[in-house]
Amino acid sequence: MEKIKVGIVNVTGYAGIELARLLVRHPFVELFSVTGRSTAGQKLVEVFPHMTGAADLTIESELGNVEFAFAAMPHKESASEVMKLIERGIKVLDISADFRLSNPEDYNEWYGFTHPSPELLDKAVYGLPELYRKDIATADLVANPGCYPTGAILAMAPAIKHGIVEEDIIIDSKSGISGAGRTLTTVSHYSEANENTTAYALKGHRHLPEIVQELTFLSGEAVNVTFVPHLVPMTRGILSTCYASLRSEFADKEDLQAEINVIYREFYKDEPFVKVVDAPPHTKNTWGSNMCHVYPFVDLRTGRLIVVSCIDNLVKGAAGQAIQNMNIMSGFAEVAGLEAPPIYP
Amino acid sequence: MEKIKVGIVNVTGYAGIELARLLVRHPFVELFSVTGRSTAGQKLVEVFPHMTGAADLTIESELGNVEFAFAAMPHKESASEVMKLIERGIKVLDISADFRLSNPEDYNEWYGFTHPSPELLDKAVYGLPELYRKDIATADLVANPGCYPTGAILAMAPAIKHGIVEEDIIIDSKSGISGAGRTLTTVSHYSEANENTTAYALKGHRHLPEIVQELTFLSGEAVNVTFVPHLVPMTRGILSTCYASLRSEFADKEDLQAEINVIYREFYKDEPFVKVVDAPPHTKNTWGSNMCHVYPFVDLRTGRLIVVSCIDNLVKGAAGQAIQNMNIMSGFAEVAGLEAPPIYP
Amino acid sequence: MEKIKVGIVNVTGYAGIELARLLVRHPFVELFSVTGRSTAGQKLVEVFPHMTGAADLTIESELGNVEFAFAAMPHKESASEVMKLIERGIKVLDISADFRLSNPEDYNEWYGFTHPSPELLDKAVYGLPELYRKDIATADLVANPGCYPTGAILAMAPAIKHGIVEEDIIIDSKSGISGAGRTLTTVSHYSEANENTTAYALKGHRHLPEIVQELTFLSGEAVNVTFVPHLVPMTRGILSTCYASLRSEFADKEDLQAEINVIYREFYKDEPFVKVVDAPPHTKNTWGSNMCHVYPFVDLRTGRLIVVSCIDNLVKGAAGQAIQNMNIMSGFAEVAGLEAPPIYP
Amino acid sequence: MEKIKVGIVNVTGYAGIELARLLVRHPFVELFSVTGRSTAGQKLVEVFPHMTGAADLTIESELGNVEFAFAAMPHKESASEVMKLIERGIKVLDISADFRLSNPEDYNEWYGFTHPSPELLDKAVYGLPELYRKDIATADLVANPGCYPTGAILAMAPAIKHGIVEEDIIIDSKSGISGAGRTLTTVSHYSEANENTTAYALKGHRHLPEIVQELTFLSGEAVNVTFVPHLVPMTRGILSTCYASLRSEFADKEDLQAEINVIYREFYKDEPFVKVVDAPPHTKNTWGSNMCHVYPFVDLRTGRLIVVSCIDNLVKGAAGQAIQNMNIMSGFAEVAGLEAPPIYP
C-alpha cells in the first residue's frame, strides 16, 4: 500500500510536535509537510532536537501538497485555515475547538467570535471515536475533542447512556502543565508551577460547553455540569474524578458495583484505547500512549457513582486521538501508529 | 519569661521533624527532649542534617522531663503513649488520630482496634482552633486534626454553620506525597510518584469519619460526605475542592457571591491563620507556613457553592497547628513561632 | 520470518519492565516468558497496569523455553542464573555487571564476591555496539554496559582514540532517580529526592572500573578517571559532563573546535543511536529512546576538552541497548524495535 | 532599639520578593518601601499572595525615604540606580553584578557595557562575609556575590588559601530553575524544564570572571577556572562539585583527608552560615535557609581534591546573603533575621 501524504499546520505547539512524533512512525502515512510561523525555513530537528528521525523535514510557511491535514492552530485562527484546506479538497482533522460545538452561538458566548462558517460546522463530526466512529469514517472534517472533554466524556458516557445517574454531574479534573501550551505564561513558568496545585477557571472553562453538549446528547436530556479544572505539577496527564448521584432505582440495588462494572466493560468491550480497570487509575499508566483508563466506583454510603478516568492529555487528549480519527477517516487499522505502550516509570 | 520545656515523641517522622524545625525557633519554649526508636542515641543533626540549629540535641529512647509533649506516633501506638504522659502530669498534643473521634466505636470500624481509654477520649479536645479555641485553652489533651480534615472543615465551616448549603458535600482533595509519611512505600517511591496523579481510598479514607463528625457538629444534622483524596507529584500541600448544593432559599439570591464573601470574611475575621481570598488559591502560597487560604465561589449555573482551600499539610495540617494548639493551651500568643511567611517560589 | 521467542529473567525491576515495554513491539521477536520472584503467578498487567498490550503474559518463577534471554537480575545473583541459561544453549544478554569486567579480581574488589565463572567472563563481550559490534555479532553472552559507563564512554571514546586529550579524565554525571532502581530506599523516597540534588559514591562507584577498563582499552595506556555521580530530581536521564586536558600538540591549534567536530562526526557517522550535536544536549531530547547525544566543546581559555553526553538511563543505559545487542547477536536490523522517537515534552 | 527603615528596589523579581519574605520578620528593620515597574500602585500581597504578613505594603514606582536600600535590578540598570541612592546618602546592597568586578574593563568584555562609575567600583566591597567581613562593616556600597560564585568560592577558599591544590580548577554546578529568574523564557517553561537536565553557557558564563577574581585574590596567583553551569529540575538550590589537583607536597601525605578536614573546619569555625560536613551534602538540607554546606573529599586514586558545596540560590546565593551583609554594615547581629532552619522535606 502506498503511503498517503499528510501535513501538520502549526507543528510548533505541543499538539503539533506530538503529532509529528507519532506520524513519523506511522506505517501508512508519510509526514510530508509541516508549517510554522516564526520558525519557517528551519529544519524541524533544529527546533526540536529530539526529532532526529525526521532529519529532512523543513518547517514551511504554507502547507505542501498533502492528502490529509492536521490543523493544530489556536482557536479562531484555525477556522479560516481549515476552510481553505477543505476548499483544496484536503481532508482535515482540526485539533482546535473551532468545529467542536454544534451551535454557532456558543462560539460567541464562549470564545468571543462569530463563527465564520456555520455550514461547515454542520458537516464537521465530533471526533470521539468511541461515540461517533461511523460518522467519522465518512467525514471530510473531524473536530478533535478537547483534552478535558475526552477524559470526562469517556468516564461518564456509559452511566449517562444507561440512565444510571442523575443529569447533574461534577467533574474535578487535574491536568499536567503541558495542557497550558507551549506559549510562555506565568502559570507555566517552572518556579511558579512546580510544587504547586491550583484550581482555575471556576467561572467557566471553554471545555465546559463541549462536555455539556456531548453528555446532553448521550442522555437525551439537558445535563447540568460543574467542571473545575486544576493544574498539578507534572508535564503530561489528566485525571478526572466525576461525581453523580445514582438514580433512585439504582441506589438500593445489591451488587450495583458488579452490575456497573459489567455495563462499563460491555460499553467499551471493542474499544482498543479504553480500558475499564479495577483499581483507581494512575495517569502514569497512560503516559505517552493513546490509552484511557476508566474506573467506576459506587459509593453506597452517599448514593453516588464516582468515575475516575485518566489519559495523556497530549495523546488521547490531542495528537493520538487525532491520528485515531485519521485512521478511521482513511480506512486504516484504527490502532495504526498508536500501538506503543505507555512509558513507565 | 522563662521558657517551658517541651518534647517530641517520635521526632523521626515528617510531622515530628517539622515540629522540631518550628520549635527550635519558638520564642517561649525550649525543645528539651526528642525521642525515636531506631535512631535513639544519635544526634538529631546526624539524622537530619538540616537541623544544624539544634546541634546539641540527642535522640532519646524515652522522653525526658518536659512540661509539654507532642506525640507524633502512628495511630494505635499513640494512645498508650499519651496515656502514660497524661499520668505523668504532662500536657499533651497528640498528632495521631487516637483522640480525634468522640465515638469509641469509630476506632473499631475505621482503625481496627478497640480504644484503650474511652474516658480520656471524653476529655480530649479536637484541636481546630478556629472552632474550639476556648476548649483548647483549658485542655490537658488536644487531638490535632488530620491534614485533610483541616483543609476541608475550614473550607466548609462557614457555609455549614450558616445553613447555606445542603448537608451533602463532595470533597475532592489533592495532596503532596509527604502526606504518605516517611516510611518507604511503593506509592511514595520517587519514580512511581513523579509525573503521576491518582485517586485513592475511595472505599473510605480514615479521615472521612473525622470530617463527618465535625461538619455534623457544625450543622446540627447528619452531614453526608463523599471524600476522595488524590496524590499529586509535589512534596507539600493540600488543595481541597469542595462542592455542595445551595439551599433553595440561597440559590436564587442576587449578589449571593458578595453575601457569601461577607459571611466567610466575618467568620474568619479574627483568625490569624485563615485568609479568605478573591482568586483560586495556590498551595504554593501557603508553603512552609501555618496559613490556610479559603476561596468560596458560587456557581450560579448549577446552583452550587464551590469552596477551594489550601494548606501546607505538614504545617497547618500537622506540626504548625500542633504548635498553634500548644500556644493556646499554654497561654502564649497564638501566633508565636508561626509567623514566618510561606516560602515562594 | 518467524519470530524468535525471547524471555526476561526478573521482569519486575525497572530494566526488566522496560525490556518488556520495548519487546512487545519488536517486529522480530515474541516476548514468550517473563519471570519474577514475589510476583510469580500474577498477570504482568496486574503488576504493571500500563502493559495492557501484553494482557496474556503471566509472570513465571522459571524461564520458559526461549531462544534468547535477557537477565535483569541484581549483580552476583545474575552470574549463576546466566551460567544455567548458557548451559541450556540459550543466548544471553546480561543486564547486570557480572560479565562486564574482564579481570575477575575486580569482582572481589568492587563487588565483594569471587566470580563463579572466570572462563565465561573470557567469552563474554562488552555490549557497547559502537565499540564492539563485530564481537557482539558472534557472541553467545553479551554483558550490557552500565548506564553511567555508556554515556561516559560514548562521550570520550573519539577523543581518547585519537589521542586528543591526556589520560586523566573527570566525569561528572547527573542521573535521574530511576537509576537507583525499583527497590525502596530512602534516597529514592519521593519527599527526600524531590527538590534535591546531591553527589554520592565519591569513594568509588561500581561503574568506575568499567569506565577505566574501556577507556584504557581505547587509549592503550592506563587512563586515570575521577568519576562523581549525582542524583537529580527527575525519573529518567543521565547527563555526563566530561573534562580532560588537551594534549599539548592540540592545545594551540587554530580551529580545533572544527577539527574535533569532524573527528567526532566521523567516529559516529554510521551509528544509528549516537548523534553529535552543536549545542549542549538536554536529557529530555533522548527521553524514552535509545539515542545518545554527544556535544564536544573546546575550552581554549583553559586548554580543556569538555564533552557533554546524554542518554535515557533505562533505554540506551539499559533495556534499549540490550535490545540493540540482541538485534546484532540475532542478525536483525540493529534499529529494530528501537525506532520510536524520544517523547517531548 | 529603633528599627531602621529599609527598601527594596525591584521587589518583583525572585531575589526581590525573597528579600521581602526575610525582611518582614527581621527584628531590627522595618520594610518601609518597595518598588516595581509594571506593578507599581498594587498592594504587594495582590501580586504575591503569600505575603499576607505585609498586607499594608504598596509597590511604589520610586523608593521612599529609607536608610538602607537593596537594589535588585538587572545588571546595567542597577548601576545608575545605585549611583542615585548613594548620592542620597543611602547605604546600598546591590544584588546585581554591577559592582562585583574590580576591573571596569571586565564589564565591557562580560556584560557588554562601559561601567558608568568606575570610582564607585573602587569603593564597593565584594559582599562575601566569610572573606571580607571587616571591609563590609564599614562600606556604604556592598556588591552581593552571584549565586554560583558564592557556592564555588566557599568550596575552594580554604584549599586555595592554604595552597593545597594547583591553580587550575573545574567547577561543575547544578542549579535549580529559579536561578533563571522570574522573566518568562523557554528554558524555564515548566514542560521544557521538568524532567530535564542540561549544561549551558560553556562559552563563558558571566559568573566566571567573578569566580576567577576571587580565587586569584585568595591564591595570589592567577587561577585557571573551567566553570560549567547546569540546570536541573528543581526550584531552588545549587550544588557545586569542584575538582582540583593536589599539589605534589600534599598528594602523598598520609591522613590527608583528616588534615584537610581540620583545615576546612578551622577556616570556617566562626562562620554562622558555613558548615563543613562529613558526607556529600544535599541541596535540600539548605532549602530556604542561609546555610552553605561544604564537603571536602580527597580522591587519592587520582590525586585530586573534590569539594562539594550547596546553598539555596535565593538565600545564601542572593537575598539571605544580602541581609547578612546589611546586618554587618548596620552593626546588627550577623544572623539576625536569618535563623530559621531549612525546610525539610
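Just so it is clear, A, B, C and D label the chains in written order, and each chain counts residues from 1 on its own.
One rule holds for everything that comes next: contacts are C-beta pairs under 8 Å (C-beta built on N, C-alpha and C of every residue); 3 or more make two chains touch, one makes a residue touch a chain.
The model shown is predicted, which means the values in this text are computed figures rather than measured ones.
Enquirer: Common contacts of chain A and chain B?
Expert: C, D
Enquirer: Which chain is most remote from chain C in terms of Cα centres?
Expert: The most distant chain relative to chain C turns out to be B.
Enquirer: When the centre of a chain is set as the mean of its C-alpha atoms, what distance in Å lies between chain C and chain D?
Expert: Those two chain centres are 38 Å apart.
Enquirer: Measuring from the mean C-alpha position of chain A to the mean C-alpha position of chain C, what distance in angstrom results?
Expert: Chain A and chain C have C-alpha centres separated by 36 Å.
Enquirer: Compute the distance, rounded to whole Å, between the mean C-alpha positions of chain A and chain D.
Expert: 46
Enquirer: What are the residue numbers in chain B that touch two or more other chains?
Expert: 14, 176, 178, 182, 191, 194-195, 233-236, 281-282, 284, 287, 345
Enquirer: With touch defined as at the start, can you tell me which chain D residues reach chain A in the complex?
Expert: These residues of chain D touch chain A: 14, 176-178, 182, 184-186, 188-191, 193-195, 233-235.
Enquirer: Tell me, which parts of chain A touch chain B in their complex?
Expert: Against chain B, chain A makes touches at 168, 170, 172, 174, 176, 191-192, 194-200, 202, 204, 224-226, 228, 230, 232-237, 239, 241, 243, 280-284, 287, 295, 297, 299, 301-302, 304, 306, 308, 310, 345.
Enquirer: For chain B, which residues count as touching chain D in their complex?
Expert: 14, 17, 21, 24-25, 48-54, 178, 182, 194-195, 235-236, 275, 277, 279, 281-282, 284-289, 291, 293, 339-345
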